[in-house]
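What follows is a pair of complexes built around chain A, which joins chain B in one and chain C in the other.
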Partner chain A sequence: MSKYKLKKNNIENFLNELREEYSVFAPIESDGTVAFQKLDDVKLPDISLKRTDRPPKEIFFPHTEVILSFDDKNAESGEYRGKPIAVFGLKSCDSKSLHILDNVFLDSSYTDTYWYKRRSNSLIFTIGCNNPLPSCFCNWFKCGPFDSTHSDVAVTDIEDSFILEPVSEQGTEYLAKSKYLEKAEEKDIKKAEALKEKAESDMPQPPDLKKLKEILDNNQNDKLWEELAAKCLGCGVCAFSCPTCYCFDIQDDSRRNKGKRVRIWDTCQEPLFTKEGSGHNPRPSQKGRTLQRFMHKLSYMIETQNNFGCVGCGRCVTLCPVNIDIRDFIKKVLQVKGDK
Partner chain B sequence: MSNLQEKVKKIFSDEKLDLLIGFEKGTLPLRAAPSFVRKSEDLDKLIFDITCQNNLAKHLLNEIKRNPDQKIGIIAKGCDARAIIHLISEKQLERKKIIIIGVPCCGVISPFKLKNVLNGREVTDCTINNETVICKGKDYEKEISRTDILSGYCLSCQYPNAPEYDYFIGEQTKPAPPEKQFEKVDELEKMTPDERWEYFKKEYSKCIRCNACRNACPMCFCDECFIDRNKPRWVGKGNDISDIMIYHIMRAIHLAGRCTSCGACSRACPMGIDIEALNKRVTKEIKERFGFTAGLDCEKNPALADYKTDDNDEFIM
Partner chain C sequence: MQAHNSYIPIPVRVKKIYIESEDRLLRTIDLEFINPDQAFDYKPGQFCQLSLLGKGEAPFGIASSPTEKGFLRFTVNKIGLVTTGLHMLKEGDELGIRGPLGNYYPVEEFKNKNVVLVGGGFGVTTLRSLAVYLRDPAHRADYGDITFIYGARNPGAMIYRNEFEKWENEEDIDMNLTIDKPVKGWNKKVGFVPNVTKEVAPGSDNSVIMVCGPPIMIKFTLPVLAELGFSKDSIYTSLERRMKCGIGKCGRCNIGSKYVCVDGPVFSYRELEKLNYKF
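Then we have the complex of A and B:
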């Protein structure tokens, strides 16, 4: 497939052109925090395209989303009705996270219309990580810094320009009609390939995770869980920074004869998450809650979708207030001899 | 073995401790993690330096809730000790079951400040000096002044040493100049109400409702927090600015006369919200109205749990 070159001084034009057809999101830094924000006439992406502090899931699954507005006569769905969404500058771990969430929200038995309306026809530009961060570990989970499997276009930053390679049909179509692309020269492609190789070899070798699920499944009483729970504050930093955590709560907000139904990110780390109407809580301890989160990511999701629920983005690793490091935990689990 | 490890080992065996709560090296450079030691030989992993950002009183409280019969020793910065002392005054902990081991604190790092000083680059290696921290990454090396990355609470800390302790390891450190204590509040008080509203709106609109501030706080120990009440629900969990503000204002008011200005909340916040301003404003009010500072005396009643017949009631209309 042909590769294109986008000169960096043309990025603004390219994104403006993209905006004609799409609602475009890209990493923007404001007040010390990088997040995917919708571009407009004044908002330009942070061209260094850092890993965002906030996960990209919020583009398609907002933190707080009105799913229904109602009054005493009518009710109206809050599903997305805007332009199709394009995201420029997702990392490979993040584009994989969207795929994992597709499996959740669009599985064979149920289509979540709120996710679907935003996600359908979206155009994903995944940028290769020239310099994976020390906290990155995407290569633990059959992914890599330049993995573009779950994208429409693969982008490589070669200093003065970006090299764009279509991955999907939609990506091929879009790139073919853009006014701001030129054909990539052989030397640019070589440069991009060298960056890919360097980034891949720069990442430390991952441990072998073949036995991880089995060890976890058979050792839920191991003292490792106690140790983890003793440290854990039970806050939602990991879940809310995680690109694949998808649990939500639904609340009705109504005043007099008007109201709205909203769905809001929730986390299994909160006791309220499992509290039943009777007041009984089947998961009353932090140990149970911590276990749930790790088991869900590292065992149950293998059963439900044959993927680990972790993409190795490293956000929880750097943000956890008590330094709970999932990499460290996995390594310790792999050393458990098994006591059944 | 460091001086700290050696002395704690002796205390551990002399006091027949069941558990020692302290800090150990974390998995990332410049990050420590809470450490729970039940065997003397594991005390070798203890550390104490500017990376020890958590308030261990929270973990002490959780451990006591799990098993009230343990004798626990705890490594305490000034603020950890103040939190313990205040919790004792609120009858949440028993003094005789806790061995407070004071350590001299020169302030701890705010991870959010560090991230921004390094412009998002991560650290692979570091050297902690007296005045500076040298951070090394994949393709950079940067010497940073400690004051640029220390938590705002630490830069204004009046009690860097435990006010009450059973042991103290090391030389006591000096507090920040007194005028620093409420510097942040003083700045905000100079603003017009509209400017202040804008400031708080900007800060709190960053909130993702992860509750890290509440969960890191040793004073937030309610079995059921008001935000978890849902029959009826008192406050929404979403990102509506009114709900966010209600949460933060209510929390600040619940901390009146109880906050020990440890700053664990602001260091836990992944969004770098200025939680200090509101909490310090309440602390200042309590100090001015009641002459009370939380966490200095186990025997003294907390300001809002006390009554004086000669109270001048000057703020009651």
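Then we have the complex of A and C:
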């Protein structure tokens, strides 16, 4: 498949062209926080190529979303009705996270209309990580800094230009018609390949996770869980920053006879999450809640979708106020059992 | 692939209201579809989300049987915002419903078997649905003996009492109503559900048993069933969990890798054991 080159001084034109067909999101830094933002202005802000602080799920699964607006007479769905969405600058871990969430929201029994409406016909540009961060561990989960499996276009930053390689049919079609691309030269392609190799070899070798699920499944009362939970504040920052955590709450907000039914991100780390009307709470302790989050990622999701639910983006590692590091936990689990 | 939007409630109207318990905290409402084209079919054991715009939604087991046409029955314990709102509804008022949700009692697998129903408190709702279904003239011949054990704290807390007392006189079902402590004027059984089950349950040969009620009742009933020889595959229960979406997305009703809302609420004891579930 042919590769293209996009000169960086053309990025604004390229994204503006993309905006004719798509609603375009890209990582923008504002006030020290990098997050995916919708590009609205003709004059585009600088695109940041850092890992975003906020997870990309919010593009397709907003933190707060109206699912129903109602008054005395009518109720209307708040589902997305805008242009298809294009995202420029997702990292490999993040585009994989969208695939994991597709498996949740678009599973065979029920389609989540709100996710589906934003996600269908979306165009994903995944950019390779030239310099993976110390907190990055995507290569633990059959992914890598340049993995483009769950993308439409793979992008490599070669300083003065981007190299664009179509991955999906939709990506191929789009790139073929863009006015701002030129054919990539051999030396550019070589440069991109070298960056890929370097990034891949820069990342530490991952541990063997083949036995992880089995060990976890058989050791739910282990002391390791207690140690982990004793440290945890239950603040939920790991879940809110996680690109694959999808738990939500549904709340009604109304005044007089007008109102909205909204869904809001929620977290299993919150004691009220499972508390029932009767007062009974099946997960009354932090141990149960910590176990739930880690088991969901490292065991349950293997059963439900044959994937680890963690993509190794490292956001929780960076943001946890008490320095809980899921990598350390996994290593401990593998270690302790290995000694037995 | 885009199917209908499962979050949008279907409009229904309150057809009839019954006060169930002496303390008036349990109330049964029969609902009818405003647009009959939107009526759905269901199986005993399934549940629905009842929806009050401006207040929210809550899940309830369907207490009516699919063989009873023209209404859907739910029994509501007044305990929070939504359930209080449901208690305030009058006949003719409109609300929303989402469903039917979840799995159901595997009535096809029960064919040619004796069926024992054990209920406690107001966990008996979907057992009423199942009993009416099994006793329907179209189905009754497919099943063996039907034994029903239902316990409540006192006569005033016993739901569907008039109907269950009528069933005591029916030939095709063995009804056993019990209360926890003796009360003047109560001439039926007295005692906790596990003990009564031990006394009246038929043998486990070719039998299946549903146990629905407070976890503590189930916990003490299970050893009795083991004693009677029921295998873990022949014991079923229906679980309750806090839920929001009801369609396996919102993430709060899971037990291990299973969601009570889509993989349940009906589980065999064998399945629960695999999930490390403890009553």
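Quick note on the criterion: the second predicted complex is superposed on the first by the 330 of 340 C-alpha atoms of A that agree within 3 Å, B and C clash if a C-alpha of one lies under 4 Å from a C-alpha of the other, contacts with A are read in each partner's own complex, and residues count from 1 in each chain.
The rule is simple: contacts are C-beta pairs under 8 Å (C-beta built on N, C-alpha and C of every residue); 3 or more make two chains touch, one makes a residue touch a chain.
Just so you know, these numbers come straight off a predicted model, no measurement behind them.
Student: Chain A superposed: clash or fit between chain B and chain C?
Tutor: In the arrangement built by aligning on chain A, the partners chain C and chain B fit side by side.
Student: Is A:Y180 touching anything from chain B or chain C once the two structures are fitted on A? First, second, both or neither.
Tutor: A:Y180 contacts neither chain B nor chain C.
Student: Considering only the touch criterion stated at the top, classify A:C268 as touching first (chain B), second (chain C), both, or neither.
Tutor: In the superposition, A:C268 contacts chain C only.
Student: Return first, second, both or neither, reflecting whether A:D249 touches chain B, chain C, both chains, or no partner chain.
Tutor: The answer is both, since A:D249 touches chain B and chain C.
Student: In the superposed arrangement, does A:P282 touch chain B (first), chain C (second), both or neither?
Tutor: After superposing on A, A:P282 lies in contact with chain C but is clear of chain B.
Student: Between chain B and chain C, what opening angle does the Cα centre of chain A see in the overlaid model, nearest 10 degrees?
Tutor: Reported to the nearest 10, the angle reads 90 degrees.
Student: Taking the superposition on A as described, I'd like to know which of chain B and chain C A:Y116 touches: first, second, both or neither.
Tutor: Second partner only.
Student: Would you sort A:S77 into first (chain B), second (chain C), both or neither based on which partner it touches?
Tutor: second
Student: Considering only C-alpha atoms, give the closest distance between chain B and chain C in the superposition, rounded to the nearest Å.
Tutor: Value for chain B versus chain C, nearest C-alpha atoms: 5 Å.
Student: After overlaying the two complexes on chain A, where does the chain B footprint on chain A coincide with the chain C footprint?
Tutor: Dual-contact residues (chain A): 249, 251, 266.
Student: If you look only at chain B, which of its residues touch chain A in the complex?
Tutor: Within the complex, chain B touches chain A at residues 26-28, 31-34, 36, 53-54, 58-59, 62-63, 111-112, 115-116, 120, 122-124, 137-139, 202, 206, 208-212, 214-216, 228, 230, 233, 236-240, 264, 267-268, 270-272.
Student: How about chain C: which of its residues touch chain A in the complex?
Tutor: 1-3, 5-9, 52-58, 77, 79-80, 83, 96, 215, 240-242, 244-245, 247-254, 256-257, 262, 276
Student: Inside the complex, what are the residues of chain A that reach chain C?
Tutor: Its residues touching chain C are 67-68, 70, 75, 77, 79, 104-107, 109-114, 116, 120, 220, 246-252, 254, 257, 259, 261, 263, 266, 268, 273-278, 280, 282, 292, 295-296, 299-301, 303-304.
Student: How about chain A: which of its residues touch chain B in the complex?
Tutor: 31-34, 50-51, 53-54, 63-64, 131, 133-135, 202, 227, 230-231, 233-237, 239-241, 249, 251, 253, 262, 264-267, 270-272, 286, 317-319, 321-325, 327-328
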